[in-house]
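Presented sequentially are two complexes of chain A, the first with chain B as partner and the second with chain C.
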Partner chain A sequence: MNELMAARSLTTRPVVTLGGDAVAQVKDTVFDAEAGRITGFTLSGRGLLSGPLRQSLPWSAVHALGHDAVVIRDRRELADTAAVVARREAAQGRVLGARVLTDAGADVGTVLDVVVEGGDSGRVVGFRVAASKDLAPGSRRRRRQVYVPRGETLAVSGRALVMPADAVRHVVGGLAELAALTGGGPGRRSGPESGEGPLS
Partner chain B sequence: MTFFSELRGLPVLTVTDAAELGEVRSLTVDAASGTVTHLRVRGRRPRRETVLPWAAVHAVGPDAVLVRSADPADPAPPPHDPVDRRVLTDAGDERGTVRDLAFDPGTGRMRSVVTTLGEIPADRLLGLGDHALMIRAG
Partner chain C sequence: MAWWTWLVVAVAVLVAAVLLALAVQARRRSGTVVAVRHGRRSGGKGVR
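Our next item is the complex of A and B:
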């Protein structure tokens, strides 16, 4: 039912009230320090000439994160950017570009994007990773991109994520496979919208 | 039951003195309560738009709409035309665009919204804004 989305693809998605008014668009997605959940979004105005907004959107004000819009209950629930962004330097800046290592010390690759679940959970389900040579051997000139499920045990520190070595067995090639893997049970995420391929 | 598409372009006259105000341009709806609230009339000369409360409508016939009074609604409602507006569920997923509205001309009560992807009963409508007609996901 709930579609998986790459956090970078959320940029420019409209923020719409339940009354149908577009009040802003997403600029950046902000995660908590464990990179386990979305804590909110920074915003920019709608249209070509509008810049960043002073207000941000805390996750608590989000009704649903959808394929075509972020739906909020009320525009009065937008918060001062400082309230949402205080954690941003410590979280998102660290996740994108961070190295991914197994707890056995093997290099998995570097984080290109964060995969989140649509709906009202705000859950981070995995990462899009530029795979290291060890993980994706072969003669391809371009390094392969893989999706790594987040799992329950993940250490985020400094410039690296450390994941259990056995989680590497679950590395998959596309968002649809990641959805099947993180769905928790057959059919839970088998809606027509779960079949998105990799974004690039 | 009437479809908005049957009304569009019909002449609007006052029932008391048969003065022609113009033609039906669009409707204003209150999505949350599922009712048609206003009639937008475009004058022929001058081409000025008048917004009449739906309560002023006396009769909707096949060839004309008769109104009791030409007094404009006060305050004027927000200028969101439901037709051609995108449809968005409260889960944030688009569901086509609005093509037509079916409603009871006597009470203004809406029965359904006809979209490019099918018909949506009026009790699923949540709100109409500058971006979209919001509906309950179902």
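Our next item is the complex of A and C:
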């Protein structure tokens, strides 16, 4: 059972070789919306003044996605950034902030984060969503966050995430419930009822 | 103007420049999550 983690928390996570060299840090997490798997990461340099790197990290080069570092076999397996994501795709495919809609056109909320499985699977298991007023009535401040299993979604793009109308019943309130649904383990710092923890 | 006025102006400009540089740098390094439709790409112009 691999640990679940928030894709946003992967940004700035160091990329370390099996030989112990820290070669970069994660900038963007890129995933295949249809296959539901991470396809790679864009990278930035380790120093304070260093910016984005020309090289990126394809998932095939990843040995393990861990809580504190992304471990790769060899730095020679880093590839050109275009091998992971083209500039146009990156601009159009930004998932955070995308609206979540049902196929009946009802607003479910907006995407706050993408939940991925650590280890060597790179599986995208769900989405953390700020629930809309219809789904969770109340003031915006008190409105709760919910988790949508990826298996319930029909389409994912930078503009919207579409799910079947009846799948709203499968929305869960916490990471532990999502882990139980998808077969992953909740994040290390999250409590049993956590909707926050490493995903906040 | 007194000499110390220029000193204050110079320090303020310097601090503003440093803060701007740090903000630009933080933005360059900030990450996001990107969904692609067909997995790995073999061509195109990469993200910088």
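Here, the second predicted complex is superposed on the first by the 168 of 200 C-alpha atoms of A that agree within 3 Å, B and C clash if a C-alpha of one lies under 4 Å from a C-alpha of the other, contacts with A are read in each partner's own complex, and residues count from 1 in each chain.
Everything that follows uses one rule, which is that a contact is a pair of C-beta atoms (placed from the backbone, for glycine too) under 8 Å apart; a residue touches a chain by one contact, two chains touch by 3 or more.
Note that the structure is predicted; figures quoted are calculated from it, not measured.
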item	value
Chain B versus chain C as contact partner of A:R128, first or second or both or neither	neither
Contacts of A:R150 with chain B and chain C, given as first, second, both or neither	neither
Broader residue contact with chain A after superposition on the shared chain, chain B or chain C	C
Touching partner for A:V71 - first (chain B), second (chain C), both, neither	first
Chain B partner contacts - residues on chain A that touch it in the complex	14, 16-22, 63-71, 118-119, 193
Residues of chain A that touch chain C when the two form their complex	7-8, 10-12, 26-35, 37, 39-40, 42, 44, 48-49, 51-52, 54, 56, 58, 80-90, 93-96, 113-114, 156-158
Contacting residues of chain B [partner chain A, same complex]	31, 80, 85, 88-94, 126-134
Residue ranges of chain C touching chain A (in the complex, touch as defined)	25, 28-48
